[in-house]
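In structure tokens below, several structures.
Two complexes, one shared chain (chain A), two partners (chain B, chain C).
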Partner chain A sequence: MLEVQGLRKVYSTGGREVEALRDLTFTIDNGDLVCLVGPSGCGKTTLLRCIAGLLTQTSGTVKLDGHEVSGPPPGLAMVFQEYGRSLFPWMTVRDNVSLPLKQKRVPRQRRDELVDQALEAVGLAGTESAHPWQLSGGMQQRVAIARAVAYEPSTLLMDEPFAAVDAQTRADLEDLVRALWQRLKVTVLFITHDIDEAVYLGRRVIMLSSSPTVVQDEITVDLPAERDQLHTRADPRFTELRTHVYEQIQAAKRGRPASIG
Partner chain B sequence: MKRFLYVAGLPILLFFGWFVLSNGSENFYAPPLRDILRAFVDTWTPQRLNDDVLPSLLRLLSGYVLAAALGIAVGVAIGLNRRLRATVEPVLEFFRAIPPPVLVPVIMLFAGIGNGMKVIVIVFGCVWPILLNTVEGVRAVDSVQLDTAKAYGVRGFARIRTVILRSASPQIAAGLRQALSIAIILMVISEMFAASNGLGFTIVQFQRSFAIPEMWSGIILLGLLGFALSLLFRLAESWALRWYHGLRDAQRKS
Partner chain C sequence: MRSKALLGLSGLAGLLLVIELLPRLGLVDDSYLPPTSEIAAALADELGTTAFWQAVGDTLTGWAIGLLIAVVAGVLIGIVVGAVPVLRAATASTIEFLRPIPSVALIPLAVLLYGTGLGSVLLLVVYASFWQVLVQVLYGVADVDPIADETARSFRFSTWARIRNVLWPTALPYVFTGIRLAASVALVLAVTAELVIGAPGLGKLIAVAQTSGAVPDMYALIAVTGLLGVAINLAARVFERRSLSWHQSVRGEVPA
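Moving on to the complex of A and B:
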């Protein structure tokens, strides 16, 4: 369970103070898939870095499975937006995926098993000895996802992971995330600026206001659990939800809550 | 074949040019290349190589390795610590600006005229490009790479070894390459001041005894040695940084 309570982050640079996050409170149950969506520049990445323990918040608390986050928590894996910069180009795909496991002191045999399974799960079996830069962008992001999966996290954070890949690859990767989530029963917090993606992927969608950020609104996506790009996106309910989220984001940009119609 | 001609063409041309033009030279200080070559074969016998060239190379190697270890270790520390950097950077620039040969007499005063002095001179001269390039390389490590390492619990020595040093390695290699040529120069200079063996010492001995063809042959040997070392370095570098060259090629294509 991930609990964010009254989270506030103020950046102070050279005597100037910028309030990025004002007051964020939300809870994510174990095994849920929640999408966070907000207008660009709304502090999504700041929020994620606070949850991941990469950034210290000004006030408020983040709790993962009951423990307060003060540094990178061991049960948490992260997939970054910039796959090209988050994979280490001097390592092969196998070494990239197994490095975090080595740090966790997973025995060698188990490590190899986990790496093989993870690469298999993201459809990259056979690329172990390649270097990341020999792969396409979509494949690189799959390696990053495999690294997160092999880490066996209880919670998976994804920071706009598909913002830099083309539309078709993106659809494939979205389905991959749904499939992995269903299979591995991890908690997923997925950050995006794409409203369709948020509704298509999430079981819940949390909408953020523009900076300084508060929670603008929250919906439960009552679409069937089995989703696919063709039918789910054509579902009238999908369109309704999407419209609702869109209105809220537009309202957030103008800086006031929308009247819900 | 064509590539070979491109690479070897100019050296061959220069060699024959020198050979033909100097043939019949009466100038005592610029003897015919023929004489120099004959002196080369006579002078650089296995015995001589063992007595003079080997000690030089050993001093070069130990100075270079020490400078590399010192430069990289201190460079990483400075590169990772902003406060330390602000404190020591002006001092480093000052030390770097001192031409190491002027320190030879001073170093001789406390380190004597043995191998220690020569190694210290080499270390003092070639530590700077390594150190400063390491600092730059460590500072330039990608923030997303650092975040990734942190998020996945890669910290402490593993962080330095598997992330920071590897990421900075292209820049460190650039520093090592500069340092290598400096090290060769300082090896010779330190031997010219005070020594009882070594390449620099031998060449100076030939000069003083007016053994001019032998002196030229020593200079040629020095050139060949520098060439061979830089070739070795290039080979080692392209092997160690093959990921970097591959990455650069991939980025250029896209």
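Moving on to the complex of A and C:
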């Protein structure tokens, strides 16, 4: 379980203080898939870095499975938006996926198994000996997802992972994330600025206000668990939910809660 | 590509021809500049003597040991200083002060400490090439991508693993540039030390040839130092390209 309690982050640079996150409180149950949406510049990335233990918050706590996060916690993997910079260009695809396992001291044989399974799962079997820069953007992000999956995390953080890929690749990758989540029973926190994506992917959607950020609203997405790009997006309920989220985000930009429920 | 090499070679041939003609036509005194053919003959004679090969060996020994010390020290100190922001800030002005001191200004000190031995050559070579490597390594360390580093941290890499797997590969292209620059500078300083201090090597042979009036030999030896420089640069480039096949500067355009 991921518990975020009263999280606040103030950046101070050159005597000037910028309050990025004001007061964030939410919890995510084990095995849930939660999407965080908010207007651009609302501190989504700051929030994710605090949860990942890469950034120290000013006040408040982050707890993962009951343990307070003070550095990158075990059992957590992160997928970054900038796949091209997150993958190491000097290593092959196999070595990129395998390296975190080596750092985790997974025995060699098990490591090879996990790498093969992960690459298979993201549809990249056969590219092991290529270098990331020889692959397309979508494939590179698949490598990054495979690296996270092979790590066998209990919690997977994704920071706008599909913001830099084209629309069709994006739809494929969204389905990939849903499929992996259902298969691996992993807790997923998915950050996006795309409202449709949030509603399509999530079981819950948390809406953030603009900076300084608080939780604006939260909904449970009561769409069927089996989703597909064509039918789910045409579902009237999908439209209702996305309208609701859209209104909340618009209200957040204006700086007050919307009255429509 | 081929025609470019051909053009370069014809330029070189032109230079040799000019050097052949200038003294022959009486435009310059051939006791200062002997014609190419005489220099070539002197070079052929030199190649047959053990003293020449001994000198080449001495020069390359001083060059190689000095370069090795400079590279190892430059890389280690560069990584430590570059990776610790406090150290970086504390040493920046010291480095900027020490770096521009010309190595030749240390000749008196070298003689005082080591006389005319290998030690003197090494002191000058190491001092000159160390800064080349250090400065490049510092640039390299500063070039580490924050996202790559955050990725490594999020997967709980140890400090050593982050140095080994993120910092080092990022800095490697810079290290190679540093080594290439240092290799050229090291040769210059090795020959200078031999020439001025009289440490054994090609530089000393040049000085001896000059004082004994063997002008064609002097030119032949100068040409040899030039050829060594070219060979060192070529070898460094080949080594660099092989080790950095993944890097943008080497891999070229990839259709994505």
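Following the convention adopted for this analysis, the second predicted complex is superposed on the first by the 260 of 261 C-alpha atoms of A that agree within 3 Å, B and C clash if a C-alpha of one lies under 4 Å from a C-alpha of the other, contacts with A are read in each partner's own complex, and residues count from 1 in each chain.
By definition in this document, contacts are C-beta pairs under 8 Å (C-beta built on N, C-alpha and C of every residue); 3 or more make two chains touch, one makes a residue touch a chain.
Quantities reported herein were computed from a predicted structural model and do not represent experimental measurements.
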| item | value |
| --- | --- |
| Clash-or-fit label for the pair chain B, chain C on chain A | clash |
| First, second, both or neither for A:99, with chain B first and chain C second | both |
| Touching partner for A:89 - first (chain B), second (chain C), both, neither | both |
| First (chain B), second (chain C), both or neither touched by A:212 | neither |
| Which superposed partner A:60 touches (first chain B, second chain C, both, neither) | neither |
| Residues of chain A that lie at the interface with chain B and also at the interface with chain C | 49, 52-54, 72, 74, 76-78, 80, 82, 85-86, 88-91, 99-100, 103-104, 131, 133-134, 151 |
| Residues of chain A touching chain C in the complex | 49, 52-54, 72, 74, 76-78, 80, 82, 85-86, 88-91, 99-100, 103-104, 131, 133-137, 151 |
| Chain B-facing residues of chain A, complex | 49, 52-54, 72, 74, 76-78, 80, 82, 85-91, 99-100, 102-104, 131, 133-134, 147, 151 |
| Residues of chain C that touch chain A when the two form their complex | 145, 147-148, 150-151, 153-158, 161, 165-166, 169, 172, 246-247, 251, 254, 256 |
| Interfacial residue positions of chain B with respect to chain A in the complex | 142, 144-145, 147-148, 150-155, 158, 162-163, 166-167, 169, 243-244, 246-247, 250-251 |
